[in-house]
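Next come two complexes, and both contain chain A; in the first it sits with chain B, in the second with chain C.
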Partner chain A sequence: MTENNLNESRGIEAVSWNRKHLLDIDEFSISEFDLVMKTADAMSDVLSRPIRKVPALRGKTIATLFYEPSTRTRSSFELAAKNLSADVVNLAASSSSISKGENLIDTVHTLEAMGVDILIMRHPMAGAGHLAARYAKSSVINAGDGGHAHPTQALLDMYTILKHKTGIDGLKIVILGDSRHSRVARSNIWGLTAMGASVTICGPRSLLPIGLTRLHPVYSKINYETDILRALDGADVVMALRMQKERQSTGLIPDIREYVAQFRLTSQRLAAAKPDALVMHPGPVNEDIEISSDVASGPQSVINEQVSNGLAVRMAVLYLITGGSRE
Partner chain B sequence: MEPVIVLNREDIRRTLGRMAHEIIETNKDLSQIIMIGMRTRGVPLANRLASNIKAYEETHIPVGVLDFSLYRDDLGSRDLQPAVKSTSIPSGIDGKVVILVDDVLFTGRSARAAMDALIDLGRPSAIKLAVLVDRGHRELPIRADYVGKNIPSSKDEEVQVKLAETDNLDEVSIFKNSEAGKCP
Partner chain C sequence: MSSSILIKNGRIIDPAASIDLQADVLIRNGFVSRLADKGQIEDAGVDSVIDAEGLIVCPGLIDLHCHLREPGQEDKETIKTGSEAAAKGGFTTICCMPNTHPPIDNAAVVSYVNTIAARDSAIRILPIGCITKGRKGDELAPMYELAQAGVVGFSDDGSPVTDASLMLRAMQYAGPLGLPIIEHCEDLSLSGSGLMNEGDLANILGLPGIPAAAEEIMVARNILLAKDTGIHIHLAHLSTRGSVEIVRFAKQHGVKVTAEVTPHHLTLTETAVAGYNTYARVNPPLRSDDDVQSLIEGLKDGTIDLISTDHAPHTTSEKEQEFGLAPTGISGFETALSSLLGLVHQGKMEMGKLIEAMTVAPAGILQGRFGRLGTIAQGSIADVTIFDPNIEWRVDAGGFISKGKNTPLHGMTLKGKVMITISCGKVVYRRDP
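Moving on, here comes the complex of A and B:
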């Protein structure tokens, strides 16, 4: 008798998760999305208790390796790991041997030699996580790679939507702003369209990822709109993206003030969406640039909830990856 | 070897009736009791024990659900990983007598994990364990306070509990593992 059958007969419901790494959600099945959401529910239950710590990952070592600055993603992963009783070591590129010129693969091998089980990595280059995963014996979680993917952000956005809406299927979701440079937008496009949402990308033409339609059919399923009121009309969810000033050197928009005048999410513009539309933002918010401060802190905003849900979702991901990476 | 049915529907009904009486007999203040079912099949058993007590003594016993997956000692070493579900405890467990309910007591590892999970939720005045079947082979110094039936078994046998709420019938059976290996 295999242990599988043994578990079933003992009444333990097992999960079907076979991923060692979490690099992107482009290949996720609906059942994998569901599993992450259900596991995150259980984790959110843990977070509501007086003792917000469970021993599931005791004895595991998790490293965060960040080649780009981050507050919420890195600390959210760190807390998620600690809530599961894992040990965490944090490395920032600016204060480590990376600044002495150590290359990515050597850094990965060095961390593995110290016994790291899961490597959480952010890097300015798209595909850096995939490269690390190819050389790593440990699990790799992509915490953002250039303009490519930010899988846990999309998962926590989906989880936040599901907390307020009965399902994602059939929702009209508007992603507003600089989607050209946004890995958050890209991961959300994959996840939300897979779950059956109708996604509209809105922003100045120069900041829309229009060329992507040639790359993959998923980008033909979404709508592109340069008029914010037409985009917001009847929307169930509005996700404002951060204006990535650090990636704007190429002059894709003539002036930030012009962007603000045409695309800032204000309460007047939000009125075009459904009255119960959710307002989301991956953070950090550039106040009064992509979103006006009254909307960001208004009754429809779930921006702070996104941060709390991020913790539950990342705990779920760490738990599933640890089980999924067994030999 | 065909599965041998050890307890049928009537046997299970009578056994749970007797266990409820034992709980009443050994707990002077029934109002202090919280029944907590260990997922998955401990939950319907806890409900049935609580409704038996209600029928015999007209005392309402709150019933909670405990998921102890995050307290298991074998994450990453099993063939399959248990699905984590939520825990719901009706009211605080501080100072209460918690009766943990499970279907089968075997190695004792689940009971250990469940006790750790409970202790993180509060400080009960006592934790007791009620199981429908005790099949022996303990790996930890744990025993049950209320046992439905002792079923001596060998390690290559499997004891399977089926309950109407989860499996559409009430039945406890025992069979050789080699037989079960053919199951999908």
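Moving on, here comes the complex of A and C:
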């Protein structure tokens, strides 16, 4: 399959994709979101075939550079790249290597000297992708930077919602847990709000964002709730966030048991949402902490679908970033 | 070198003497020998004449708070480059903070700084000594020894003295020495891992925020200690409305407190950080519009006494890193006056007030121990700054004399520039024509 008939098979119009990098989705237009969703549909088609491979990125070299441990996101990107016939090199750098003076800009230049076309990067510090992009000739895809953004996660979450709902506009979506420190929450809040959803973030007050004013372009539009039943009331989608154990040691919550007692998504609590409400989680789930096991594996859960959709969405992003829709 | 200089046709502004008039100034043998109406002083017999037509002539600027990095971090700055940069910025007296390596916490390091300054600097460099040994906040530094060696105050700047009882003892001990304690007000448990002002932008960027209370709690604590001891404390680089209000309240109640603010906290807001601009990463962080307004008001009504640069040079490679790894600080000498003149041009501050805050006000903290500084009244030391308030220029960090090219103002156009700096009657900087 060539790029051309890939385009034709989906009827992608000349909606332009002009992004060299994908660092966050803060400034995405609705048509850009639509383009990613449509392209992901085409990639889903590819993935449903016996031979799940197209030559779209043949001859391209993609590096994954992960400064934080990750199995899921890294392998999802790797498979996405391989399904598009790109060559992939995986670099794992420990977080400690950052403070030991291994210069990120040097690393970017070194990888480019080896011919890397796309750099997929995860980093524990917000803005690291922006720094890499400022120096890179190649494209940089942010696979998570500190507490800032995780754009492909938000895109795959939106894609998953759209598989089940006719649109995102008007949906009541609850993001449950530590939205203060979560890049997944931050990207989803931007994306879902832009698409017209009514977003409620719910969790202990010490894990909700602080210092906001009414002038904030996005956070001023969302609802804050510390009572889980009020938050879930009439919800169409519930996204639980992974609870980081260190929130206890840093004194943001007394202990995990307290969190579980107030905020674990149980079937009883889920009953406050709409009967067809989707249950989502970016993974990996701390079972029986954020979500009780029966809900995580229950009929409303789309957690495994998120993983499959992640592959299609990441293929779409790689395809668009290499200029697929422009050819 | 000329032993006499006549500065003609300038507008003399000397807030210490309540002077703002067109006049000529004669400098002889390092002192201001005469101030007279335009044309009253003969050129004859004068070694050199400066025509200051259209320019402002004021006392040499005094900076109570800067970082010269020597000894120990000479890749960031040296006393030579720092002093030359300061002279270019119109400064004739600068007080360097003791967070060097080793820190200025004993007489030997004071003596080292003074020796290098005597060799390498054309302007007056006055070191500040540590409050605690090694700036560790555990035990008092030998303050008497430091005072004898010539420090002009005590500070652990860069870090606060977290232990309140240690701060109390420091004040009690320093009081009789006649030198101020200069405190960096930060509650480290509240600033924590924060990287920028807590607020909307921190949430957008996903950067941990530093709340205003991290500063204000320590401002309040230090004021209460000053009230208790009756000993003067000087608060460094205030950045929030709350701090201004607490200091205002304290002054109304007679507490011996003085305060300073930096040019960047008066002229920039947190929006300079957008895009993870490490050049705008500074401690305390750039704050909101409302805070900036309050700092300006505080300066105008006397709540804030003076302006200090907090010149904090860093290497470019240190700043060209992830936001969270880049060190805090702005290289400020060469843009300080120009950026502040922006406030005058915008009508937010009077020229006289600005000059007061950079001359006689910091001189007051130094208490005349180094002769009459901060004025160009007849008989005073001939430290003089001559600047063009209206000339426009584009900031090019690459052209800084300072080794620290770290400024968020790079590429911006500023209005007003230092033309000539005179220290002890010698021209130490002259702008290339």
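Definition applied: the second predicted complex is superposed on the first by the 291 of 327 C-alpha atoms of A that agree within 3 Å, B and C clash if a C-alpha of one lies under 4 Å from a C-alpha of the other, contacts with A are read in each partner's own complex, and residues count from 1 in each chain.
By our rule, contacts are C-beta pairs under 8 Å (C-beta built on N, C-alpha and C of every residue); 3 or more make two chains touch, one makes a residue touch a chain.
Just so it is clear, the structure is predicted and the values come from calculations on it, not from any experiment.
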After superposition on the shared chain, which partner residues are touched by A:Arg183: those of chain B (first), chain C (second), both, or neither?
second
Which of the two partners, first being chain B and second being chain C, lies in contact with A:Leu215: first, second, both, or neither?
second
Examine A:Lys137 and indicate which partner it touches, taking first as chain B and second as chain C; both and neither are also allowed.
neither
Of chain B and chain C, which one touches more residues of chain A?
B
Is A:His109 contacted by the first partner chain B, the second partner chain C, both or neither?
neither
If you stack the two complexes on chain A, which partner ends up touching A:Arg205: first (chain B), second (chain C), both, or neither?
neither
A:Arg49 contacts which: chain B (first), chain C (second), both, neither?
first
Would you tell me the residues on chain A in contact with chain B in one complex that are also in contact with chain C in the other?
none
In the complex, go through chain C and note every residue touching chain A.
198-200, 202-209, 211, 275-276, 317, 320-325
For the chain A and chain B complex, residues of the former touching the latter
1-15, 17, 35, 38-39, 41-43, 45-46, 49-51, 53-57, 84, 316, 319-320, 322-326
Any idea which chain A residues touch chain C in the complex?
26, 98-99, 103-105, 123, 125-128, 130-131, 145-149, 183, 186, 209-213, 215-219
Interface with chain A, chain B side, in the complex: residues 39-41, 67, 69-72, 75-88, 103-104, 106, 116-117, 120-122, 158, 160-161, 166, 177-178, 180-181, 183
